[in-house]
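Should a chain be cited, it is by its letter among A, B and C, assigned in written order, with residues numbered from 1 in that chain.
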Amino acid sequence: MKHLLSVRELDLATAVGILDLAEDMADVATRAVPKLATLRGRTVANLFFEDSTRTRLSFEAAAKRLGADVITFTAKGSSVSKGESLKDTAQTIAAMGIDAVVLRHPASGAARVLADSEWIDAAVVNAGDGTHEHPTQGLLDAYTMRKTLHGDASRGRSLDGLRVTIVGDILHSRVARSNVWLLQTLGASVHLVGPETLLPLGIERWPVSSGTDLDAAIAEGPDVVMMLRVQSERMRAAFFPHEREYARQWGLDDARLARLAPDTMVMHPGPMNRGLEISSAAADSARSVVLDQVTNGVSIRMAVLYLVLSGGAA
Amino acid sequence: MAARTVLQQADITRALTRIAHEILESNQGSSDLILLGIPTRGVLLARRIGAILDELEPGSGTVGELDVTMYRDDLRAQPTRTPSPTRVPVGGIDGKTVVLVDDVLYSGRTIRAALDAINDLGRPRAVRLAVLVDRGHRELPIRADFVGKNLPTAVAERINVKLFETDGEDLVAISESPTSDRDGRA
Amino acid sequence: MSLLITGAVLPDGTSTDLLVDHGVITELGSGLSQRGAHHVDAASLQALPGLVDLHTHLREPGFEQSETVLSGSRAAAAGGFTAVHAMANTSPVADTAGVVEQVASLGEQYGYVTVRPIGAVTVGLAGERLSEIGAMAQSRAAVRVFSDDGTCVSDALLMRRALEYVKTFGGVIAQHAQEPRLTEGAQMNEGALSSELGLAGWPAVAEEAIIARDVLLAQHVGARLHVCHLSTAGSVEVVRWAKARGIRVTAEVTPHHLLLDEQLAGSYDARFKVNPPLRRAEDVLALRAALADGVIDIVATDHAPHPLESKECAWQEASFGMVGLESALSVVQAAVVDSGQLSWSDVARVLSRTPAAIGQLAGYDAPFTVGAPANFTLVDPTARRTFSAQQLHGKSVNSPYIGRELPGRIVATVHRGTATVLDGELRPEEEVAARG
């Protein structure tokens, strides 16, 4: 695997392979010395044109556990914030001798542009591009679902037959996009729920079902309910009238939580707006696997970095 | 590219039985003994040796799996290898005698990686090495404690180990390598 | 210098020799000869009247790193054009007589093509108050086409006034139809693909709604309206309806909207980012059919040069636009001529006679007649080439066709009797300027 730009590049075998590899990486964390020297001497550049402390730290931890050196460029306090272009920044870090770039960028397709360019020949891992994709989030979500479902017997399994409902601002969500296509590859069925304004045009051509009624979706008894973060600037852009109305219609509140089956997984990519798209009770309930998602993120990112950095003359 | 059979099924069984006896003898019994097979065929051989040990001294054949992929020094030179799981028996390896089991000993680099992997897992009392075939051409100061068969080879030759569990037959053969690169059997 | 062209095929399919002297066609027929004339063997070459572009961005003054009047003129001549209409979105904006006269006189000085400035409708393209339309119309540049292209005259009242006011000077408003609120931050055609790619959608209705409003306004005030770069099947239907009602509207389509569709955005290669955006494959088919049946009157390039850094970046950070002068005729041939939808006679109409008529540019109503200004181009329609930056003569290389095989090759272009291109090569500046 030269790059990871989109989950749509992954076929079933590859996707399951990454999840299996992440299992091995998770085992490392349980050892006396939770660190490997596998990528010793290799350098990973975290290039964050958009602030995301969580994702950045997760990639940093993953790279370090594999023994790689990490350098970080973030939007704040660097030339990135002074309008330096992707090309100039990429060429600058290329000149420093970088083996992989972990790129977070506000523009959709930025990772693809970087990978297709001749500015740099390092491996590119998409850590979120605009409203397009966030492949490692999709992978860690799938991993979390599989692990919660199958525990130690997870290896080799797909998500065949799993029913996942994703709720909220689908239109602007890279997490939703990566989940939709990865879950489809893994054999799960996906249902998208949100106000019509936040369901993308042409959604009928996506491999999903969709609707606007969260209560109806909950009544179907999904195996997973994934709540997406809703941003208040969407309200100002007239996607919905008011936060209270949003919470009432599409929030996972206590009443809706009570109607979920006891083994329904509640997921959220974080950071959460408690009281808006998810109630505190839901976020902290036994059904919630939100913290597992964070833990698993490191294992998934270790697996991905290993795959893009270990291959030589493949 | 004619292949020449050097060990038949009976030879392999005999060699493994002898190795099991030697392990017990050198360990002065079966206490605190762990066999760690190196995937893929080393694991199968470790299980067979473990089964023999169990017959000789019931309960002595504790077997685990040790993947060394993440410790290799040739990751950049080779296509991406998919690691196998590492499975350490309950109780860990601290204070135990660990016997590494692999099919072929060649350059010694795999064993070097295995020693690093063990180092990350804990601190055994001693580490020993058992191999079915030692073909020579070491690149590191490593030797096996228990050897099924010493097999002098040329670098251009290739050792092919087949085991019933994966290949449907037990067999060790030598053939001319189509290219003389030193591939996976290190 | 006099020119003798032998064996050229005219748009109507007949073959002829042409003699050019002192800027006009002096003789037509077979077996012509002239001592001392430069002879061009045009056997099996297609002769077309000089192409007229109603929509060119020459970038001068203000953005000379992207294009200048000279470099754009050379690009135009290389593409078979003998006249271009230079859009007003320069810096300073072409909203005064001074700017348009400067642009026109630069064109005159270089001589590769006739440069006809387009005046801004509103001061600074700000969409707030009318620019000096009368002064520009009566200037030496004699501006007849007014446009805020790049932005839409979205204020309905201002648009109404502009349509009425230009009637005073016999002008026409060329509208860039893009409802601004519906296209805030928009990046590509809105639909299933934009949703998948996570690029903000540019709905067809944002174009169609403005065209619908404008044709009704034109009808109401009895004015002439020209619609720039139509890009959707819905726009075609609105214009068809308006024409059926007798509304005086003309419409243009770009070569790229006749050939390329939105799927190209899937690469996130910003060379394919353009305003209006590339649309669905079914829109492309509707535009071709409308050009063939006359609902769309002309093809105009919307040649929009941009420096490298405006395209070597993430899609949503990139500028909108493509260069198109050198590739226009080849793309039209690929899209609608080779398929049989348009004849070469139709091409002469949509790329020369009608755009000249809309721009009120004299000398293009009766090409290939004795006494007519010698503006024409000779094309080898059988040639095929992989389009490359080598074929570009402007300052920018943001062509979506680089690496694509295209038919046709411009062998010669003649502007007012002066050869600007011979044997497929541009003639030197000194030569063209001296004779022009």
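Here is the rule we use: contacts are C-beta pairs under 8 Å (C-beta built on N, C-alpha and C of every residue); 3 or more make two chains touch, one makes a residue touch a chain.
Keep in mind it's a predicted model, so treat the numbers as computed, not measured.
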Suppose chain centres are the mean of their C-alpha atoms. Which chain sits farthest from subunit B? C
Distance-to-centre winner among chains (Cα means, whole assembly as reference): A
Mind checking the centre-to-centre distance between subunit A and subunit B? Centres are C-alpha means, answer in whole Å. 40
Can you work out the whole-Å distance between the CA centroids of subunit B and subunit C? 74
Interchain centroid distance [CA atoms averaged], subunit A/subunit C, Å: 46
Enumerate the residues of subunit B that touch no fewer than two other chains. none
Residues of subunit C that contact two or more other chains, please. none
Where subunit A touches two or more other chains simultaneously, the residues are none
Looking at the complex, which residues from subunit A come into contact with subunit C? 85-87, 105-110, 112-113, 116-117, 129-133, 171, 174, 177, 200-206
Per the touch rule, the subunit B residues reaching subunit A in their complex are 67, 70-72, 75-86, 116, 119-122
Touching subunit B in the complex, subunit A uses residues 1, 17, 21, 23-24, 27-28, 31-33, 35-38, 66, 155, 306-307, 310-314
Counting only contacts in the complex, subunit C reaches subunit A at residues 187, 190-201, 267-270, 309, 312-317
